[in-house]
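Chain naming follows the written order as A, B, C, D, E and F, and within any one chain the residues start at number 1.
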Amino acid sequence: RYGLAEKEDQIGVVTGLAWTSVGGDLLSIEALRLPGKGRMKTTGTLGDVMKESIDAANSFVRSIAPSIGVKPPKLEKWDIHVHVPEGATPKDGPSAGIAMVTSIVSVLTQIPVRKNIAMTGEVTLRGHVLPIGGLKEKLLAALRGGIKTVLIPEENEKDLTEIPDNVKQGLEIIPVAHVRDVLSRALVRTPEPVEWDEAAEEAAAAALKSESEKPGRVAH
Amino acid sequence: RYGLAEKEDQIGVVTGLAWTSVGGDLLSIEALRLPGKGRMKTTGTLGDVMKESIDAANSFVRSIAPSIGVKPPKLEKWDIHVHVPEGATPKDGPSAGIAMVTSIVSVLTQIPVRKNIAMTGEVTLRGHVLPIGGLKEKLLAALRGGIKTVLIPEENEKDLTEIPDNVKQGLEIIPVAHVRDVLSRALVRTPEPVEWDEAAEEAAAAALKSESEKPGRVAH
Amino acid sequence: RYGLAEKEDQIGVVTGLAWTSVGGDLLSIEALRLPGKGRMKTTGTLGDVMKESIDAANSFVRSIAPSIGVKPPKLEKWDIHVHVPEGATPKDGPSAGIAMVTSIVSVLTQIPVRKNIAMTGEVTLRGHVLPIGGLKEKLLAALRGGIKTVLIPEENEKDLTEIPDNVKQGLEIIPVAHVRDVLSRALVRTPEPVEWDEAAEEAAAAALKSESEKPGRVAH
Amino acid sequence: RYGLAEKEDQIGVVTGLAWTSVGGDLLSIEALRLPGKGRMKTTGTLGDVMKESIDAANSFVRSIAPSIGVKPPKLEKWDIHVHVPEGATPKDGPSAGIAMVTSIVSVLTQIPVRKNIAMTGEVTLRGHVLPIGGLKEKLLAALRGGIKTVLIPEENEKDLTEIPDNVKQGLEIIPVAHVRDVLSRALVRTPEPVEWDEAAEEAAAAALKSESEKPGRVAH
Amino acid sequence: RYGLAEKEDQIGVVTGLAWTSVGGDLLSIEALRLPGKGRMKTTGTLGDVMKESIDAANSFVRSIAPSIGVKPPKLEKWDIHVHVPEGATPKDGPSAGIAMVTSIVSVLTQIPVRKNIAMTGEVTLRGHVLPIGGLKEKLLAALRGGIKTVLIPEENEKDLTEIPDNVKQGLEIIPVAHVRDVLSRALVRTPEPVEWDEAAEEAAAAALKSESEKPGRVAH
Amino acid sequence: RYGLAEKEDQIGVVTGLAWTSVGGDLLSIEALRLPGKGRMKTTGTLGDVMKESIDAANSFVRSIAPSIGVKPPKLEKWDIHVHVPEGATPKDGPSAGIAMVTSIVSVLTQIPVRKNIAMTGEVTLRGHVLPIGGLKEKLLAALRGGIKTVLIPEENEKDLTEIPDNVKQGLEIIPVAHVRDVLSRALVRTPEPVEWDEAAEEAAAAALKSESEKPGRVAH
């Protein structure tokens, strides 16, 4: 089953695309949301560049939390674990960035990811999508694996001229410039924003706290 | 005794299967549950890939805690120690994943593991079982060690054609696709789920806390 | 888009200038301000020298917080994440110091950075700008990337004699001796200082605390 | 004095047996119990395998704490320091496991260890004793060092046929299969178990806490 | 400007003297005092020996805090950052010890350091000044850099016979045996001691605390 | 001055003896007691074996704290910093163990160390003194450095036959078997023991705490 598209829409499971010396491959990315303290755990024999790309993806998502319906203090109550099977295979590089963002947003919002979609693209702290290498090998692997739709960086659109026609006919290839475009394609529904005014929330919390700490509210 | 099946059903003791340059071997995996703070300790000269497979197994188990009868806050009151004797022998690889899950579930639920069963298979964060290498060597070691039943990944079922008939006759070989199948075979009884509604529990806890913190409950 | 000037004024996004064996390049530096505890996170395959230059930039900014309108206790409520795409390319050296300062000040004050400006210069803990290497290559990259204004260390002004005339005509090159000069050029508006008297603030906080902790304020 | 049996029964001092390229040697193991927070410190130029064997020994002992008269919460009030002189000599391997258990039990219970006993054997998380190498060299060192009794793993009993008769006559050699057998031989008296029902204790503690936190117990 | 004497008396900025394979150089040392928790941060590509010399300098200063007018509990409210530009140049060795002490004392007391002074000497935990190497090269660099006064270890006084006369005429060279002598020369004014009786202060703090925690101070 | 006996009795300053490829040398060991949290800091380019010997010395001292007049909870209010100048010279080995114990006891008790004494010997967790190497070279260095009295391990007494007569005549050489003997010789006065009954102290502290936490002690 590994190297194939997912069989159903799942929360936190995203298909990335890897490019190695022996060709392209599907990269299954899994995230879990656990009760915790806002920590990020990563496993799957990931190199430093991939670990940092998860850090960057995570910070980006935290910075837009209200826009995906998550109030920031809630983030301190959960840990996130991102795992990339198969554990025996080392993985590295920044090009799974947008897949990491999608996986994290999916577990935070509990909105499933469409099963027939794959994606590749580095992500910046602002959610911009940067170009990647190995486009041809990655698209071939997607086709082989039964993927229907592939999201690629807009800056790689120019490289599509080198892609065989049968690949371009077998796949819906969608260039994306920002994570916004990724999420609207990859999640089965769009997250609802929540209103969040940090200053107002802090004031309310402080008021509540001082009230409950006040001793001697004794009704005689 | 090492390299042989266990003599009795024990809590937290699971037989895995290792594959080394000199053939297959039984791998005894032990877990303990100790009073603590939700930490995981691992010993036994384990390589990074095996350590990460324990991390992944642990996160998976935490994510399904209510379904095995464990309320999540209880997890923060225990530490788990996973040890793989013999300490002088380095061990690595992800293929003990389902054995790790079984061991952790057994200590959390205090349900013993069947003594004549061995297992091999990588586990994902969703509890899916991924294929492993060295199936033939592992099954031979199981037979030699007096094992009756071996759980193998469903995706390795196709490799059974290369296994000698005497091995297939001497062992009950059961392909598994998900940890569910593993636990129902390996534990002496099925864990009872417990109801858990995080939001409701949090609200109750908060109410209780605020009640007990409220000063001035003075009966005059 | 990478290697080109930014398209709009953005908060926390600053264009630095890198100098490598294959010439100069634009270096996009991104910072985010997140709810947190005063921690600094850095990503982008940064070497130790660049990481330390971010530490120094950060301490400098903290030391002048009131002068940019930020009361010091506020700094303990935020984390800052500085990221330098592209993750696959290692970066090092101290010469992005003033860009780091600008990026951090921008996220703390939420004042955008002018889009057509680039800068290079090491920064000291007092905000002094130290000279850098590779001036020619860096200026060429700036010109190529559509930059209009480049801030360089005053101590590199003498090296301008070696710069081709077309480069000097195509760019506004401004020597700077202190971060003050950098911020006044790079931010779209000047931060408003805030009054901050540590001793007075501490006394007020202590008074407030002792008041609210005082039990028995009972109105009979 | 090093390389000789201890002169008196001491708390926390156990004689192990080392096997090196130049033959066997007595290994003095010392533990101390200090006021602390449940931490373990190890010194003596110990390799990772020996450090992990101390971790495993420690977890085993914690898991049986009530059976040696120690209520688990008490363990969080002490640190344990295990030291193996001589500091200039590197030591490694898992075979001091049962000696580590004995040393830790001795300091926790403050029951001295018999002075003329030595021991060798890896220990599992369940207290089972696993076989070791270098039996002959270790027994020779014990004889030389004035040891009267040596505990060896039951699974090494078969190797006694290769041991010279004078060694077997000069030493009482006792095969052991579980730490139970080790402690009953090595400690000068058997620890008294203490009753411990975690759930009941927690409930009692909670009740007490809530009582003492309840404000307003005012006798008018 | 680097390699030259400072232009004005500054708080926390001290000129040390480095000795490298290519000769002597001025070493600018900068410290900042920031709101914090008593931590020390060091940057500037410093080797382990120089980092430890900062640790030693810091402990010495903490041990004499009352004698420079700083009550010890105050030290837990500040972090100190010591930075040695230029970040691209590795620095190491213990001989900047007295410069580190001076820099730390300057930021703690907010007393500026005289601008035309440079210094070299290892410092002990008691504030004694130990001899250094490269005296000649260091003095030449000081002269070149416009320094007027150089503090050297008393134990290096004997090496002055090898120093050219023009150097000795161009510089005021002052041998020092203890940090006391360094501070009295290098700071623009002498710090005022503060009375500090730890036992008395603790008792007072405890009394105050117990008073404010005492519930039921109710005026009926 | 380095390589010579101390000029006066000082608190926390002890003379050890080092043995290197170029002969023996005096090793000045300095400790400081600082307000803190029971932490140990070590500096001076110390190897792992020497660092662990300081850990062992520290645990030994903590275990006998009442016998030197220090109540254990007091230890949690101080940090100790052990420094061995000269920072540029790497030092290693366990043989400074008894000097480390002496230095730590001196700072904890504030009793000075006699100035004309030097010492060498590894220490165990029970305070036993183990033999060392390089006795001849160490004694020569002591003589050269103006030392009057040298403490050596009892087990090295047999090596005195190889020491030249003039060395034995110029030094008072005292074999020691336990740290008790070291402290009685090296400190200018014997520490007064303090009574300490952990159980009783804990009960008293708990009673006090519960008393002060009890709300509602209102005298109407």
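Here is the rule we use: contacts are C-beta pairs under 8 Å (C-beta built on N, C-alpha and C of every residue); 3 or more make two chains touch, one makes a residue touch a chain.
Fair warning: this is a prediction, and the values are worked out from it, not measured in the lab.
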- Using CA atom averages as chain centres, what separation in Å is found between chain A and chain E? 49
- Please work out the Cα centroid separation of chain D and chain F, and write it as a whole number of Å. 28
- Query: Among the residues of chain C, which are close enough to touch at least two other chains?
  - Reply: 213, 215-216, 218, 220
- Looking at which chains touch, is this a line, ring, star, complete or other? ring
- Going round from chain C, first to chain E: chain order: C, E, F, D, B, A
- Query: How about chain C: which of its residues touch chain A in the complex?
  - Reply: 1-2, 10, 12-13, 28, 30-32, 34-35, 41, 43-45, 81, 83, 85-88, 212-213, 215-218, 220
- Message: Touching residues of chain B toward chain A in the complex: what are they?
- Response: 48-49, 52-53, 55-56, 59-60, 62-63, 72-73, 75-76, 93-94, 97, 122, 124-126, 128, 130-131, 155, 198, 210, 213-216, 218, 220
